[in-house]
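Labels A, B and C are assigned to the chains in the order they are written; within every chain, residues are numbered from 1.
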Amino acid sequence: MDIVFEQVEHIYQANSPFSQRALYDVNLSIKSGTYVAIIGHTGSGKSTLLQHLNGLLQPTKGMVCVDDYVIHSAKQAKQLKPLRQKVGIVFQFPEHQLFEETVEKDICFGPINFGVSEEEAKRRAKVALSLVGLPEEVLNKSPFDLSGGQMRRVAIAGILAMEPDVIVLDEPTAGLDPKGRKDLMEMFARLHREKQLTTILVTHSMEDAAKYADYIVVMHKGTVWKTGTPQQIFHDLDSLLHLGLDVPETVLLKRRLEEKMGQEIPSPCLTMEQLIAGIKQLFAKVNEHE
Amino acid sequence: MIIGRYVPGNSVIHRMDPRAKLLLVFFYVGIVFLANNGVTYAILTAFTLLLLFLSQVPFLFVLKGIKPVLWVVLFTFLLHVFMTKEGSVLYQIGPFAIYEGGIQQGIFISLRFLLFVLITTLLTLSTTPIEVTDAIESLFGPLKRFRIPVHELALMMSISLRFIPTLMDETEKIMKAQAARGVDFYGGPLGERMKAIVSLLVPLFIHSFKRAEELAIAMEARGYRGGEGRTKYRVLTWKGIDTVLLLAVAILAAALFLLRS
Amino acid sequence: MEEIAVSVENLFFQYPNQPNDAIRNVSFQIKKGEWVAIVGHNGSGKSTIAKLLMGLLKPKSGIIKVFDQLLNEETIWSIRKRMGIVFQNPDNQFVGTTVQDDIAFGLENNGVPREQMIERVKSAIQQVGMEEFLLREPHYLSGGQKQRVAIAGVIALQPDIIILDEATSMLDPRGRREVIGAIEKLKVKHHMTVISITHDLEEAMKADKMIVMNRGETMSEGTPQQIFSLGEKLEEIRLDLPFVIKIRNELKQAGLPLQLNDASLEGLVNELWTLYLNK
């Protein structure tokens, strides 16, 4: 499932006095099986971009190709349904979409809409529930009797049960406590590893982007400002800071140390481990000199 | 459609006390029925166009906005033309005859309807919903003596107005989330459509209840305990122009009364 | 002696239809002008405490005093005048149809005369830096802006205490910085007592004192430095450590003789630099 954006533009309420250009000149290509993080300010076009991935929005100019599907402005919404099974989107606060009487029914809702038999849907519900780390007893409970964190997991299970090839995550950890956040991010990393699930993460957490993504897309004011590996993106610290974006704290600390000591730390310091190793090296070098 | 929509502006009409505007429309609706001949309809139309002119809202904009209503006006006209059998026959098309009285009746009734639409549109174009709410609260204030919860009703109205855009956003978000789970809101067999609507309404209701609860707590925390002893930040001020325009309506009523046949 | 702003003794609370107490035997004191962070995982009872302090929930037993006044049915409204709260969801506390109407809402409720209201709305909006938004409707505002309006609504009432009930948890990083920045300014300017309820330990770092909640009980109380020295214990109760503290711990384990417990980035950089020079 390769994904390609070509010259994509999206104008909300085009041809009306309220028209607003949310995206322009977006060119992007995402290889099957990669983990991509999309970063940028609120209002930079991230959410508009991700709604193009399964045809919830159609470009007003240019085209989006997902596998064999080509979406351009003329495409009818009808033909896009099979695409929505292949690209699952977990929206922000996905627990707001729960509505069935039981957890099982809610998880089965997506698969059944895409023509899966009830039996198969129930089997998938069990699998999906264990993937998100909830016990099977939950299946027959009402989703509204669960805690906030559990509800979110159920909603995510509902998307996983569609067995998509691409999963799109819009701020999946918003509002969770630190442990809940970490567990969820680890779960998505595991899914990505084990199932080669193409994962597209929209996030404000630079730490998560640096830690999990193979590739980062920086959005700014409606277009792609830069793409690259985390190493490339966070190497150019100043321009990120100039955009008013955060940078991972590890990278920031590395920079401050380098400035203070006038010494370069060779590691990119994208994770805690790399940073610790980098600092140790710095001190080891001094010892060698002596 | 522009009925019910506010167009920001700073015209005389915009600056009028919303109470005066409400009263004006109220009386106007009463006296529209006084007109029954050419002269009275001409006066009434002139008065309405004057108000429209004073509001500085472009006439074409208003006309475009009430386009759907114009069809109804046309329909009313034709209905009267074909149904009224008074006066002399003007045309004879097969079994249908068009009478002079029919034409007259058609023009008068559809004009009355059109004026009625114009004046209410003018009210909403020049007055924010919250001003209308304030005016209603103030005008119906005396009803508090009869234990009618005027303040509470007005507060409910203003909170509803405040949350309309929020709920619209939320509706869109939930529709998108369910569409991503394979729901088709715009087609499919009846059974599936029902399910689609349920998948939208249940989350919307549950969330709205939660919102209402949180809002109630927030209001209590901010010291809200009913209308008693409350002061008001937004005040309505009755100005000279308000009296003038209401007097104009009174004069209009007198003129119509004297000149009607 | 320093004045005590809030004092809580042996507080118990149980939600209806719940088997266990949500708050169990909680006691603490908050001094006037202090910034206290109450931290804990989701469901630890920290938000319940905020609602109990405001008298929005009624305790099963225990005593709450605000500036030596006992919180009960009679004192509740006069106590609420001295305390303002900003809740989590920016949308669900915005009552007015415009920014100025919303800020005025609390003043209207308290029967403040109109001339005074206009003054206070103006000064409150300036203090959160949103003067140009006075006539704006809420759905044209960002989450951070709505929360700043909520703060303005609180300070317009000129309270002694402001409670932030997870006020930043639904915001993006920019919104979070805006809100925390606004609070920091207020604290300096008005010597206000701040109680921030949060699971963001970076936010809690700014506090003078931290109270750690776990499953309805207070687990620990102390300065951020003292609390962060608990290390793994915090992670066990679903919390985290601030980044700098984590790095410090790792470096110490790797054999670097770091002494201080400073949680700021600059502090760590300086200390490492000194170590580096002395090698």
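Observations on the structure shown:
Note that a contact is a pair of C-beta atoms (placed from the backbone, for glycine too) under 8 Å apart; a residue touches a chain by one contact, two chains touch by 3 or more.
Every value quoted in this text rests on a predicted model; they were computed, and no experiment measured them.
Distance from chain C peaks, on a Cα-centroid basis, for B.
By count of C-beta pairs in contact, B-C exceeds the other of the chain pairs A-B and B-C. Per-chain CA centroids place chain A at a distance of 30 Å from chain C. Averaged C-alpha coordinates give centres for chain B and chain C that are 45 Å from one another. Partner chain A is touched in their complex by these residues of chain B: 170, 173-174, 176-184, 186-187, 198-199, 202-203, 206-207.
Contacts from chain C toward chain A in the complex involve residues 41-43, 142, 169-170, 172-175, 199, 201, 235, 238-240, 243-244, 246-247, 250-251, 254, 256, 265-266, 268-270, 272-273, 275-276, 279. Every residue of chain A that touches chain B in the complex is listed here, in rising order: 51, 54, 56, 77-78, 81, 84-85, 88-89, 91, 94, 96-99, 109-110, 113-114, 144, 158-159, 162. Residues of chain C touching chain B in their complex: 51, 54, 56, 77, 80-81, 84-85, 87, 89, 91-98, 100-101, 104-114, 117-118, 121, 137-139, 153, 157.
Interface residues of chain A facing chain C in the complex, by the touch rule stated above, are 41-42, 147-149, 174-180, 182, 204, 244, 246, 249-250, 252-253, 256-257, 260-261, 272, 275-276, 279-280, 282-283, 286-287, 290.
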